[in-house]
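For reference, the structure is listed below as structure tokens.
Order of writing sets the labels: A, B, C and D. Residues in every chain begin at 1.
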Amino acid sequence: MILNILIGIGIAFFGFVLQTSIAGINRKIVGRLQKRHGPRWYQEFIDIFKLLSKRSITHGWIFDFGVIMALGGIIATAMFMPLTNNFLAFENFDNFFIFVYLIAVGMLGMAMSASGSGNPWASIGVMRALTTMLAYEVPFLIVVLTIINLTGNSSLTEIMLYQQASGNNWFLIALPIGGLVGFIALMGMLGKKPFETYVAPAEIASGPMVEYGGKQLGMLFIMNEISAFIEVSLFVHLFLGGATNIFEFLIKYFVVYTLANLISSVNGRFKIDQVVKFFYKWPLIMAVTQAVIAIYFGWVI
Amino acid sequence: MASVELLILFLVGAGVIAYILTRFNTFLGSIFTIFAVMFVFVSLAGYGFGMNMDTTVNILPGISFTETYLGFYFAIIIVFVYLMVSFFHPYYLSEYKYKNSYNLLFLLSLAGILGAFYTDNFLNLFFFFELIIWTTMFLIPQGKSKEAAVSYFGFSIAGSVAMLIGIFITYNVSGTFSIYQGLAALSGTNAIFVFVLFIIAAFAKLGSFPLHIWLPIAHGNAPHPFSPVLSGALVKLGAFIGVLALIRIAPATGLFTAMDLPIGQYVVAILGSMSIVFGTLMAIKEDDAKKLLAYSSMSHGGYILVAFSILNGIAFAGGFYHILAHALASAGAFMAIAAVARATGTTKMKELGGMIHKMPITYLAYLIAIISMAGIPPMGGFISKWLIFQAVIDKGMIFVGIAVFFGSVGSFLYVFRPLAALFLGQELTEYKKVKEAPLLMLIPTFILMGLNVYTGVFPGGILKFINNIIVELGYTGIEVSTYEINGTNGILNPALIGLIFAVGSGIAFLIFIVLKKSRKVELMDTYTAANFVHDEHLLHYAVDFYAPLERLYEKQSNWMTKFYTALAEKVRELGKLGKYLFMSKNISTTVFWIVAIIIFLLWGEVL
Amino acid sequence: MIQYASIILFVIGIYGLFVSKNVIKMIVSLNIMEIGLNIFIISIGFVGGGAIAPIISSTQDLGLIFVDPLPQALVLTAIVIGVGTTALALAFAKTIYKTYNTFELDEMEESA
Amino acid sequence: MNAVLLIVIPLLAAFISIVSKKIAPYLLLVVGLFNIVLLFFLENGLVFIGGFDVAMNSDLLGISLLLDTYARMALWLINGLILVIFCLNFKSYKAFSSILLLAMAGLNGLLLTNDLFNFFVFLEISGIAAYLITSANKKPVSTFRYLVIGAIGSSLFLFGVVVLYAMYGTLNMIVMIQAIQASGNYAEVILPFTLMFIGLGVEAKLLPFNAWVKGVLGHSNTLTGPMIAGVYAAAMSFVLGRFITNLFVFEGSLLIVVTVLLALGILAGDVMAFSSTKTREILLFSSIAQASIVALLFVNGVIIWAVYLIIANALSKTVMFLVINKATKDVGSDESEALRGLFVNNKLVGLTFTLVTLSVMGLPLLAGFVIKLNFLTQLAGIGQIVLIAIILVASVIEGIYFVRLIVKLWYPGESEISVKYNYSFKAVFIVIALALLVFGTYSTPLTKLDNTIDTVMEVVNNG
């Protein structure tokens, strides 16, 4: 058991390092997009460690307890994440719903400490974050319902093996509309540009993050990176057939994250009720049609 | 060998003694009530788990008991909720108008509940139901509004009357009043009639979609210590009838090919999912904390209905476990709100804020309760939601799936609203001198916190007991080992999740401790973009918490209330028409009716 | 034949009640109805072939055909009862007139 | 010691009381007690008056009275209630004692007589007594309306009796039933039965014929309310029950029309009560609904539980009307808004009123529930699911408007009202409420009696 926990922590740490570096590389790519060089690839690491070393303020015990709970929840979720179809910390306990709901613990921790800080911007930011979650969660879960119904198993490794088995191909191809909905939901989860209303720097002073500084802000950055890692690797395992070896995983991971980042950098920002209206119009209809096609008619490419 | 009949008689006797004691001094009377309920709980738990309650009847005329796992499961949960709530009585009863009748009615309704879950005869079931209805009906008007009792009574009576008609149809078909033979003997169209009638009764008591108007009114306005009982315990009666209808009768209506589910069950599932969606939407909009929790009970009632309408072991396990998890969670949440309401006098989120600073333990109790209510891992709610998701996905029910997922995410929103608006945020000046709830009231909060965590991390024992129920109902149970639950398409190890969450938090705590200690700053000193704000009311974001979301469905939110008021108006107009037709002042109408009847009768025969 | 006449009288009485709004007219039509009824009762007891009134006199009482005496007795009581009710009705009519000084039912402003 | 004393003594007392006004009330008390005591000693069976007892074996000439447990229970209830109501109204309505004596004689006669014409006579006597009692309401127009409709009803009844006499040549109920069973020709019997049913329907407050009820009970006071709604309603229901179970032969279209009328009566009664805000109107419409339920039970042959329902209703309506009328007299208006918070400072009266209302609604722990459950089981036994549904839907509506009333009465509005109930009122309320509670919880004595309490059929079959 201790060995599994250590592997889990290793995976979480690897996830953090992987995501932060890829985020750094993406900042260079987006920089290039905007005709400038963009910072060094390890800029993200520098920001985080600079913040962790600074002394900052706290608004009471709930303010700190929330941050700890948030980071703890996210690390716990990352520990369950399988990297390739045979490398994961806890054998056949990587159920899909653990990820969806353990992330919620992280969100709850952050939300609690944000509204505990007493700043109205933070509460409004949390409100927007929850509303966006409500928006992207349902279509995403409908598509996942189709996937689990087809594979007959809700553990990620089984889904990966199902996609890698001969004869059937990745769900991105097998359920094209589902894959698209999954990607849009991923954009929502990552908080990339069209759905970035809850950390909108201009409108609500970067939302929940407004009162943080120093180590609290640093921990929240780490939390943000690891949750990005979880969400992107979820997408990779569910729709791109996971990975047989670590390099395949890295390549797929990089492609997906960069694509999401590129789309985000050219987009504007939705108002919060536009986000909800958008998600409950097109993605939901596409998810339901995909589900009906896949489950009732059984047409899976 | 505790006998059910003696427990009921003991409760009635205790009720009368409590009446006299509370007349003499409320504190004493309430303490006596606590011990009375504790005695019942202990004797029930002691003998009940081993299924050796003595069910012989020698005093009560015409009443017969039988012991079933199903009945015991419901009884033990509800008696436990009663016990937890009775700890609150000493502090609340003093300001009610008819306080000495409060304990009496409280114990009488408990006697009714014990009887209802242990009887095997339909008429006794109806007798105990009606007893519960009218005893609880008199408790509700002691709270804020008086109309709450009328709408509560109206819907409950409509439900139990529908059940009674169903009972008489079964009596007509099977000739016996015994629940189990009676329901087994049903078939064909009779089965469908009785099924529909029982479902109406279940919906009325559970407060599900079409008949949910009374839930927020009754729970919101009931006296503070009584709403946990209302939503934690009494709503489960509806679930009990739902189980009878959905599992015992399960009429063989036409099969829904895609999901091999009888149409009757699927319709109930759809209605259940509609009550999930509407409950969530209405809860997000609600400003009064207790009404918000009432709507959450409505949406959880929807979950229970969906679980029981999918005919397989996993769904039943999810449903039964959800009954337990919801009972604990909503009781805990309501009691926390009751503690806040006692200290501040209001449950409106507009007028509250920053209660965490003065009532931290109540805050913790509320936090753990809402984590379980939202179905987030370390707590019990997650297990039952996971089981229900397994069943829904396995059956491939897409539209029910949408509602179930929407409900689980939406519950995260509406449980967070009181947390942020009521407990966190700025600390308002008028509540600076508020004290934490007294010790006696904290005992149940601690117990409930512990139980919520226990049901979330070690569900093995409870699920094994639930397996007995499922086997008793005639379906195969789920395989549960000490730490793992394996559903149809996945294995879950809640203990492991709890452990890993602890490990994660440990790491985060380590990071936090290692780094420099941050300077404590009081709440008013926040980033306000350079304009000076001196009043914390302005800085407290509580009113219209989800404004952008609420604007989306503003107009359609009170369709149902308008429908029922229109219905009541129609009945009143019918009455006026009746008065005009038959009760007019001049005599000619009576003469007209007499002549009309004679002519009508003689038309065919003599004329 | 007499039975039809009595039934017509009865129906006239009912029609009177149906139409009239005046208290006195109602009492009158009530009486007409009762008279019609009494005549009907009498006509029930009629026996053909020259039967005579059921009065046994001292002179010749053997071998005579009497009309059925029972309805006759009933009618006596029915008439007495009719008188009783009418007397009571008139008493009420007096009090009505004293309080509302009109006999028209719909002119009185008393509630239902 | 023969049953006719029950009629003659009150009649005699009525005439004496007219002569000397002073001793009239005490005379009433004595006669009332005498009647109740006498009832213990009388044994069941046919009683002949008018010297025709030798005709026992021939074709039963002369007027006969039938006393069986059915009639005995009815008489106990009627005489007891009249006595109680008069004692409560002793001071205010002393002058009405002679009328009450007349009413007692009429009602006892109604319940005992076995002769159809004699029945018409007693119907008229009790009718006249009723008109006089309602004159205490000081509303002459509604009393007059009651008189006219009552007169129409009784003349229609007489019409029916005479037609039956013309067909079967006898007026004695038992011989009549034997003759009808012998002839078995259903078509000709429709006219008289409808006429008699309408005649009785007027007095028993069945739906289309009870326009007078709203006027009379709407303005009732502590004497007329209980008397009309409690005593007269119970007596008429007993008599209606006796006729429906034995004499009337309901088949085909007559049965359909009667059942439809009664079902409509139940629903319309409750719906009208739901729509009214005056407390007395709520009570009178609910008593109309209860009367229709009783009639419906008799039509379907559920005798014993219908009798218990009549008794329970009579007691409960007496209590309710007493409480509300006394409150209306003190407060001045019977609007439920005006009576808000009536029980705040007289809790005992409030408690008894609530228990009684719960019994009328048929909620557990009270006699009403046991009765309702049993008569519904019997109806289910004979497969009348539609009727059960109608009765239960009506009871839902009834439950709602009664709860609305109780909640209003218990919880005060802005204005505080003070209503004083003296001890005799409270004593009667407690006794009745306790009786309902005891019979509700411990209901075995109710099940001892059964449908054979009405022995008319027995006498018909074996002479």
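Everything that follows uses one rule, which is that a residue touches a chain if its C-beta (ideal position, glycine included) is under 8 Å from a C-beta of that chain, and two chains touch if they have at least 3 such contacts.
Remember, it's a predicted structure, so these values are computed and weren't measured experimentally.
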Middle chain, criterion being Cα centroid separation: B
Of C-D and B-D, pair with higher C-beta contact tally: B-D
Farthest chain (mean CA position) relative to chain C: A
Approximate Å spacing (C-alpha centroids) for the pair chain A, chain D: 78
CA centroid of chain B to CA centroid of chain D, Å: 44
Inter-chain centre distance, chain C versus chain D - centres from mean C-alpha coordinates, in Å: 28
Whole-Å gap between the CA centroids of chain A and chain C: 98
Per-residue multi-chain contacts in chain D, two or more chains: 148, 152, 214-215
For chain B, residues that touch 2 or more chains besides their own: 583-585, 587, 591
Touch list for chain B against partner chain A, complex: 258, 354, 356-357, 363, 367, 371, 374-378, 382, 386, 389-390, 392-394, 396, 398, 401-402, 405-406, 409-410, 412-413, 416, 419-420, 424-426, 489-493, 496-497, 500-501, 503-509, 511-512, 515-529, 536, 539-541, 545-546, 548-549, 551-552
Chain D partner contacts - residues on chain C that touch it in the complex: 10, 14, 17, 23, 26, 30, 33-34, 37, 40-41, 44, 70-71, 74, 77-78, 81, 84-85, 88-89, 92-93, 95-96, 99-100, 105, 108, 110-112
Residues of chain A defined as touching chain B within the complex: 5, 8-9, 12, 52-60, 62, 64, 67-77, 79-80, 90, 92-93, 95-98, 101-102, 104-105, 107-108, 111-112, 115-121, 123-124, 126-128, 130-131, 133-134, 137-138, 141-142, 145, 148-149, 151-155, 205, 210-211, 214-216, 219, 271-273, 276-277, 284, 288, 291-292, 295-296
Residues of chain C that touch chain B when the two form their complex: 14, 17-19, 21, 26, 105-106, 112
Touching residues on chain B, where the partner in the complex is chain D: 61-62, 97-98, 112, 123, 126-128, 130-131, 133-134, 137, 141, 146-147, 149-150, 153-154, 157-158, 161, 164-165, 168-169, 171-172, 571-576, 578-579, 582-585, 587, 589-591, 593-594, 597-598, 600-602, 604-606
